[in-house]
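Look at the two complexes coming up: chain A is in both, with chain B in one and chain C in the other.
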Partner chain A sequence: MTISAPQLQIKGAVAGYTPAQQILKGVDIAAAPGKITVVLGPNGTGKSTLLKLVAGFVKASEGDVLLNGKNLNALPVHERLGEGIGLLPQGRSAFPDLTVEENIELGGWSLRSDRKRLREAVEAMFVRYPHLEKLRDRRAGTLSGGQQRAVEIARMLVSNPSVLLIDEPSVGLSPIVATQVYKELVELRDEGRTILLVDQDVRAAIKISDYVYVLTSGKNDIQGDRTAFEGDLGSIVRGWLGV
Partner chain B sequence: MLSIFFVRKGGAEDRTLRLFGLVFCVLGLGALILYGAIGTKQGILSLLGTVFLYVTLTQAWNILGGYGGYLNFGTATFFGVGAYTTAVLFHHYGLSPFLTAPIAGVMAALLGVIVGVPTLRLRGAYFAIVTMIITFAVQIVVLNASITQGPMGIFLPPLKLSPLALERLFFFMFLGLAVVVTLLVYAIENSNFGWALVAVREDEDAAEVIGVKTTRIKYIANAVATFIIGIAGGIFAQRIMYLDPTTAFSFDISLNVVLMAVIGGAGTWQGPLIAAPLILVVADMLRVTFTSEVNRVIFSIVVIVIALYLPHGAMGFMTSLRQKYFKWRNPKTGDEVASA
Partner chain C sequence: MGAQVLTVIIDGLLLGLIYAGIGLGLSLILGVMGVVNVAHSAFIMLGSYFAYELFRRAGIDPIISAALALPVFFLLGSVVYRTLITRVEFTGPTQGLIAMFGLMVLIENLGVIVWTTDARALTTHYTNTSFAIGPAVVAWVKVLAGGLALALIGAAWVFLHYTLTGRAIRAIGQDRDAAAVLGINVHQLLTILFGLGIACAGVAGVLLGMIYPFSPGGQVFWLAWAFLVVVLGGLGSVANTLVAGLVVGIIQTFAGAFVPFEFVYLILYTLLAVILIVRREGLTSVARRSI
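Take a look at the complex of A and B:
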């Protein structure tokens, strides 16, 4: 499958946390609109750094990040979010001492000048996730891992981003809850959102993917559509482990 | 009656509680004004003046420390800079500290910005330690500078008022400052700016993810807080009439402010109103009964107990009481709110 008119493009990205130690060493990724693009690879290969690069937490020393053709390199984090990017970070990120409602409301930070629109967006999240309605006034820190993940997803969606950067969504969740999270990602894709998913759960990620990239040592290794990977998971993982 | 200390937001029940709280605050303020006007006990007026000074300092600390979660042990730095600004301006140019107090605020804020740029990149214990070190560094500079007269300090001539009238004057000055700063902190708590600070406190990285400009928010909070602390220090110089580096940059000031915020409940505008009088009055009583060293031991034990059993301070305790005994219904769902 060739990717036509990608919404999000990373071209020749070189980036890291110190100039002397680059994690990404010339990565090219293209995420097509309304598709799930999965990035796989062994630990330390730069998958999370890639998402941080797109979101603006890490700067590229070389290469470009393009969204609908617009170069985002010079934009700070909050302006990139304003361009329609949403990020679901790895691990717990719900504000623990704030209620579910307050968490979701803060997700609509970019809408804060329009209180009415913000309230509508928050209420829309409770309609979308009715199980959160009863937890509206509960502190997020008192919720289960799955419930917290739902809060984080709702918080990400309240500003209605078109491109979602998802980092290891199933980490720390039970298999049943993880399945629900992946199902939700498919629904988000079916709504027309572009998803760039970074994951260690190779099987689950490939199952919902439209296109897959494998990174090794901060560089592109292999890529292809889902069918090219579905039958060969074992050899991919063995390749990472070097056995 | 103490309902205002319980409320953040909610339905009709909360609005009623809020109204009771407002009435309580207005009555309390009225009683203080009345006592300030007709009270004749110099010691009590002086103690209350100090209470208002500490309410001001703790509220200012609260902006970045309480709402933003940046544990700051450097209040004395900006307090001392404010105090020395008015003292030096009086000593060299004859300007009254009452007129130059805003300049003291600006100088303290300026230092706050200069110091804040590198230090606000640090988090947790690292930030706390650095703020403490900066106090000692600035104190050493002041000790060795000729403009501040080094260890000799600066005398400010007393105002031509009777001792009682002097206490009354500073009572009202610090009361006014405490009221204005408390209203400001209340406004911040209910503003987008306050929400951004809370997001920084809860999880700074997650706050960035939702689009909060965390660096800018922290710088603004720091500048506002240090400006207020500087003004308070500027007025304080005139009150004590003699300023030396040990008094102006005393670590006790920083420690007391943190103590009051933690005991009252950091990140709430009500916390300093509860803790400042409580701690200062109890400390005064303990000082009379025991030596100052024993007084410190007792306070240390109190802090340990609070850290163990009331991690959110007096306000956290009162909020848990409210959730237990004053359950209210969610206005949208009609459900009784579950205690968190």
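Take a look at the complex of A and C:
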């Protein structure tokens, strides 16, 4: 399967949770089609806020979010999936009291008018992630962290989004499961999807990246392709810590 | 003695079904939205008067009125959500509570203006009829009202557990942002949920009106009853609300039959206090907001 993915651009974004406290202070990001674009930076620099801006939870007081040139600023959260934008939030977001199948089925909410297509999309996820098949009727809240993450990824993919916003995908996971999650992100990229990844795990994120942005205090700091960062991880992190 | 015990059990179960109906709408709204709808009982009162007016003016049987109350109160609840709740939903619990309290006072006083403070009753041809189950005597009106309450609870259960929209509403109660990301229009579904909660209140009002006299000022009593059921059952579970309603119904009828009347409420509220102290999450084993 190859996706024809759009380019995601954030231009001069100023945004925050209150008008008096802007987290993003004029950020420019371009996530290329079919590439993994990683955003790094110290805690509190606005990485998650950036994804919330693209997902629609935070409004830009200045600047634009553009998808293939189309301005998304006024689009409410629930309409962004219709533009092909999927979000994997930070931490646990599987619905704990719903079964695995019910969770995944809700991922296809936008397909609900065509029940046959919805069923096919749900079943395709059980084919893609066969280890979820035997957990189909288990409540998501009873699963391990890694299993829940798999449910969340499957749920995100049911409607086949072309742009994936991934927020700290390995938080709370064992190293083995985290490795599998990063491997899955590479596969999703290879399918042609545009991926904007925000991560604290600098080494793992850079390893799978095509292009890297570093934010500091809500502003662009440095940027470049993976090779520019791979050899110099230590100095990047020391720079964040100010040592 | 045996006949009395059997009668009390049957009476308690039937009343319990109605009490579960009273608590259901409150539990759903509180469980999913986190809104403490203290105006719930005002809508229960409106439900009683809805059936009263249809019966008085057009001779419509309360059983039919219960069915009619569903769409009417659903619409009313939807309008309240869109015009009032959306303005206070994210302003913190205090503002929401005050807004709902204001709505309760408004509805109650409109009730006094329209119907005065006099108590009214729905007296149909089956109001004072009964039948025997073995040695027990059962009032037809309680069987009908209890049956309708069970149908209401069952319909809510089926809707929330076996339809995609119902599951989406449950998902919103568990993680609103995660639901929105999936393309679910949260406000649209919360409009449906609030409408459903108020529809439950309206139908419960019709059912209560079939059994008990009602007046605008008397609605607060049912608010306490609804909270009793919700607290006993734990937040937001249809099944647990049903169990809690049945427990309250059984305890009330047993206490009413075997101890002086003035002790009935003392027993019920002592039970509530004990449960809150010993088991704060109610009768359920898990403390969480979900349905």
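Following the convention adopted for this analysis, the second predicted complex is superposed on the first by the 237 of 243 C-alpha atoms of A that agree within 3 Å, B and C clash if a C-alpha of one lies under 4 Å from a C-alpha of the other, contacts with A are read in each partner's own complex, and residues count from 1 in each chain.
Note that in this section contacts are C-beta pairs under 8 Å (C-beta built on N, C-alpha and C of every residue); 3 or more make two chains touch, one makes a residue touch a chain.
Being a predicted model, the structure only gives us computed values, none of them experimental.
S.K.: Specify the outcome, clash or fit, for chain B and chain C once both structures are aligned onto chain A.
M.R.: In the arrangement built by aligning on chain A, the partners chain C and chain B clash.
S.K.: Under the stated touch criterion, which partner chain does A:Leu98 make contact with: chain B (first), chain C (second), both, or neither?
M.R.: After superposing on A, A:Leu98 lies in contact with both chain B and chain C.
S.K.: If we overlay the two complexes on their shared chain A, which of chain B and chain C does A:Arg112 touch? Say first, second, both or neither.
M.R.: It touches chain B and chain C both.
S.K.: For A:Gln90, using the defined touch cut-off, is the partner it touches chain B, chain C, both, or neither? Pick first, second, both or neither.
M.R.: After superposition on chain A, A:Gln90 lies in contact with neither partner.
S.K.: After superposition on the shared chain, which partner residues are touched by A:Asn68: those of chain B (first), chain C (second), both, or neither?
M.R.: Touch status of A:Asn68: no partner.
S.K.: I'd like to know which partner A:Arg136 touches here: chain B for first, chain C for second, both or neither.
M.R.: So A:Arg136 only meets chain B here.
S.K.: Taking the contacts chain A makes with chain B in one complex and with chain C in the other, which residues are shared?
M.R.: 55, 57, 77-78, 81-82, 87, 89, 93-98, 106-107, 109-110, 112, 155, 159.
S.K.: So in the complex, the part of chain C that touches chain A is made up of which residues?
M.R.: Touch list, chain C to chain A: 164, 167-168, 170-171, 174-175, 177-186, 290-291.
S.K.: Spell out the residues on chain A that touch chain C in their complex, using ranges where they run on.
M.R.: Listed in rising order, the residues of chain A that touch chain C are 55, 57, 77-82, 86-87, 89, 93-98, 102, 105-107, 109-110, 112, 155, 159.
S.K.: Contact residues on chain A for chain B in the complex?
M.R.: 55, 57, 76-78, 81-82, 87, 89, 93-99, 106-107, 109-110, 112, 133-139, 142, 155, 159
S.K.: For chain B, which residues count as touching chain A in their complex?
M.R.: Result: residues 192, 195-196, 198-199, 202-203, 205-213, 330, 332-333, 335, 337-338, 340 of chain B touch chain A.
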